[in-house]
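In the two complexes below, chain A is the common chain; its partner is chain B in one and chain C in the other.
Coming up: the complex of A and B.
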């Protein structure tokens, strides 16, 4: 608040092109009226309090709680700090933790190695302004409007053991959602189905932003289409690439809805996000323990969020 | 983005046929799960049980009637409306306020402010769950606002958390959009003696209509699709929005896939309608955050 009197009209504003006789008065420091200052303060403060109170303070509290033995029921003054014990417990004596990390990494790998390049490939094809391009695009990003929870249900119609289409067609009797050795692959297919459309959309926007003269120059130089793409177009899309990378990492870290509707993240579908939830709303509420899991998620995501912010802010300054 | 060369009649070379063939196959494969859900929902359980799902016949609308009744979709859709409409309006209002200040004034804390909001949108929800859960069970509400008398298990709680979470994306997009508006407008407005509020409400907001429309479309689908917060911050089944009520439905629907599919289609309809009616806005909204302009 003490900063408010320092607010200046943007210095980047160029002075009016045609200076009249009275012109030339550059009011660099515009003192705002009292009402204006109150209005500005409120415009920032109310949303800021909401986001701080409901997102940032809870995030900080999670980190703090991860060092305690709180059970979630007792009064707050009985909290004891136990150092890193929750973390060592998570790693050493919590059987679902290792599979959950593996599944999260697998999820990331599948989205990153299969779904993302495929989405990019489709974007490149669709960028050619083909006839019927609109139909192809619509079909591909239709899954993006559906919630992941709903996608879990839609794919059940293909995966179900007795009534599913896959088993009916192939005469198999695999319980795609229930069998703990295959269900992670089944949900990843469903998740990738949605991710491809999203990535395609982002790259399509990115490709449209690439200066056409670059491609023409590459064509004049006799570069083949794929060579021009990898050597010229792809590097120019660096900001989009980083955004896609971050979106993919965060999506695979936040993956939750799909496994939760299938079996609440148990029996082959362990994910860190599901473990946190089980530890809080499940029968056993182990707060310190759950917080340690949550803090791990928080730290990983903050690394990538920082990369993202650095990229987009640099973009904006240019 | 058409290149400035005259449109050439493209000949159908074998390569182009291959390309179209590939795209058609992929598109149909992508549409297939949705089409299959619609198809299954239109067939009677008895027929498919007797003849298998790979068969033809047994057409009926009964699944929709049964699904609607047993799952109380009417109530759940209303719950979704109670949560989504205020949450979207509030998100756009609050986010546009912050975005306006960020775009209008250069101020040393601008980047910090933008970072605080944008990053909040990208945090994993589960990482905040534990303190929020406790907070929501501690904050009392008067009975006329929530029959749980707590923020927990109330529409208000869900509206607030959705707003807090979604603000970041909208601040980011709107501040970029507002920065691109011509500066002279504000100069002129100030000469006319317009207050900051008027500059925001009567000068900036009308110009942001395209961005607001795109964001509104996107936010409606996102908040309508929101699953996690409602699952963990609600207890009473009757109050669940429709997306989170899906999980209860599965128990009720048992192993009747025809009912599951009818339920899925019903839940998908609002987002599909929005998507087909406002496709342009939806797509622009998704890409607004990713590219300039």
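Coming up: the complex of A and C.
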């Protein structure tokens, strides 16, 4: 199994934990010096404080504030609780909310169904060591190093109705970023442009790590190329597949920069994250209302986090 | 949601603050801004210890004038103040957008003695929250302001909280050469206006350049139609949440607008105001309703070809004497550390000397004080000043005349919805009204 020389049983040093007497355990405790205990306490306490202070408290505060109509002005004890009014307002009288939820789901679906498989496909192609594959690899990966905001600018040059490249070349007058029936797709193409490169690189790394003997064995058994991929290579890459899945979900939930750059998430580009920002940041501080939106987003994220954790834990148990 | 004063500023605001960090300049500006805010806090601490000591010779000024040109003008004006009063002004400049975004926290913390701000509801809101000082006594010493300016500086309680410095009117801009070529006349009624638009269409022009990608330019159209159809007082009451959006008066505004929309440049929701202004500059559009800053898209030689008229009359009983002319100026913090000096500075800002310095240093602004020496104005500036001077009432633009949360989270999406689908006015106005009721609760 391993290349290490087998240790002779009689020469093996018994591990200290296996000495079952209580005396042994006490001795082990004594091994922890004062410094050790301080260090361990700090190592537990500091992250705990950080996580509590920077994650849990703000999250709890958001949930609390979502029940108020605070405008960010005045002392905290003047905050007025309005119950679930913010939530009922969000659902009943806030027109951008329903499109935002739809767009978030659409975003997830498009990345998951189109961009991610396409990235995988490119990775498989590049894995074949075609001539110039380094060039393609670089070209496809290039967008990933750009921030999404910058990508918004880059595509603006192509999409602008009056001055953009696409309309100039094809003589069309499609309002790519302004027409609410096409702009979500236009933006998704821009977002997918980057996502494909990202997935491609992750997947390429995974493919390089697959044991070549597996493929040989499949070939010897007479499996066709595609059959070998789907039946042998794909299942072997399960850890990479999970990472790709998680990256896709994260990317779709944090799809914010792009729509914010295009038109601050309005007119067909509503996303929950953009609505939260519109309401909370800046002069227009509807902090209570924005918090209600943020809480809804938290719940949506929790669904995915739960699925992910459940999968990972099941994995570990196996 | 103020209008950007320059293209650079416009571009800067496209970038979300989280990303703006990649730009070294704005990063530095941000750092300087934070430093300034922190510095102010520290200064405040010192000031309390020695309030009667040497600090009586200075006063601090929080400024959003972060662009080179206006920043330079402000330095010159404060230098003038120093010469006349001997008081040193410490200017804390913060990036324009950052300043506005942080205004809530800024005013509740330890703000500078005097700070740059805007007239309108935006000013009255903070006055009513007790975050600014009553400066009625300063107004007693000021001269050269029309009643419209005084009205725009007055809070809900009838006291003054604001000193106007500069302003720019909104009007319908056009190129003289294009109009001469086709023999167009300035319309004075809505019928003439629509007839002119139809003629322009026949001549192969887009009658009215239009853009609303950023959400605010369409507010100008709504404002002027509401001012012409229902008058200033109704407009202000509507903005203050006192009138119902479902009323027939508001519906008539949208109806009239729906009638004019075919004359507007199509696909406006994907276009920026710069792109629309360029269609006017390239002689593809016949006219454009925008603020005086439209001139930024014209080269120096073309400036003299630019002209404007005020939006024509719709109802003879209302007339055409009201307009949007956003005013920028100064307010005083609720508890200035050097109250005497702060009042002196406010008085100086509102005086003729400050106006004269501004005219000399900046050819792109109109000076609010009517007694300032404006012989350096260009023809366009002179005409713009005359237009505002003859206005009976001055509105501040929708997002300065109403609650900021209402303007940006309700009105922008609603107006864009209207431009997309001008037919469902009933559904649109009741949706706005429902949201308004939820926001205007206090």
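Annotations for the structure displayed:
Throughout what follows, the second predicted complex is superposed on the first by the 239 of 318 C-alpha atoms of A that agree within 3 Å, B and C clash if a C-alpha of one lies under 4 Å from a C-alpha of the other, contacts with A are read in each partner's own complex, and residues count from 1 in each chain.
As a convention for this text, contacts are C-beta pairs under 8 Å (C-beta built on N, C-alpha and C of every residue); 3 or more make two chains touch, one makes a residue touch a chain.
Since we're looking at a predicted model, the values are computed, not measured.
Touch criterion met: A:141 reaches chain B, while chain C stays clear of it. Shared-chain residue A:81: touches no atom of chain B or chain C. Judged by the touch definition given at the top, the superposed model places A:69 against chain C, while chain B stays out of reach. Put chain B and chain C next to each other and count what each touches on chain A; the higher total goes to B. With both structures placed on the common chain, the touch criterion links A:59 to chain B but leaves chain C unconnected.
In the overlay built on the shared chain, the residue A:44 is in contact with chain B alone; chain C does not reach it. Contact with chain C, but none with chain B, is seen for A:263 once the two complexes are overlaid on the shared chain. Residue contacts after overlaying the shared chain place A:278 against chain C, while chain B stays out of touching range. After overlaying the two complexes on the shared chain, residue contacts for A:179 are found with chain C alone; chain B is out of touch. Contacts of A:96 after superposition on the shared chain: chain C is touched, whereas chain B is not. Looking at chain A, you'll find residues 72, 147, 149-150, 153, 160, 162-163, 257, 260-261, 281 touch chain B in one structure and chain C in the other.
Chain contact summary for the complex, chain C toward chain A: residues 1, 14-16, 18-19, 22, 100-101, 103-105, 108, 122, 129, 131, 213-215, 267-271, 275, 278-279, 403-409, 412-414, 416-417, 420, 431, 434-435, 438-439, 441. By the touch rule above, chain B contacts chain A in their complex via residues 1-4, 19-20, 22-24, 26-28, 30-31, 33-34, 36-37, 40, 48, 52-54, 94-95, 97-98, 100-101, 104-109, 111, 113-120, 122-135, 160-161, 163-165, 167-168, 171-172, 176, 179, 183-184, 186-187, 190, 195-197, 200, 221, 224-228, 231-232, 243-244, 246-247, 250, 255, 257, 260-261, 263-264, 267-268, 271-272, 274-275, 279, 282-283, 286-287, 290-293. Residue ranges of chain A in contact with chain C, taken from their complex: 69, 71-74, 85, 89, 92-96, 147, 149-150, 153, 159-163, 173, 175-180, 183, 257, 260-261, 263-264, 266-267, 278-279, 281-286, 289. Across the complex, chain A meets chain B through its residues 3, 6-14, 16, 30, 32-33, 35-36, 39-40, 43-44, 46-48, 50-59, 61-62, 65, 72, 122, 125-126, 128-130, 132, 135-136, 138-150, 153-158, 160, 162-165, 168-169, 193, 196-198, 201-202, 204-206, 208-209, 212, 216, 239-240, 243, 246, 250, 253-254, 256-257, 260-261, 272-273, 276-277, 280-281, 287, 290-291, 294-295, 297-298, 301-302, 304-305, 308-309, 312-313, 315-316.
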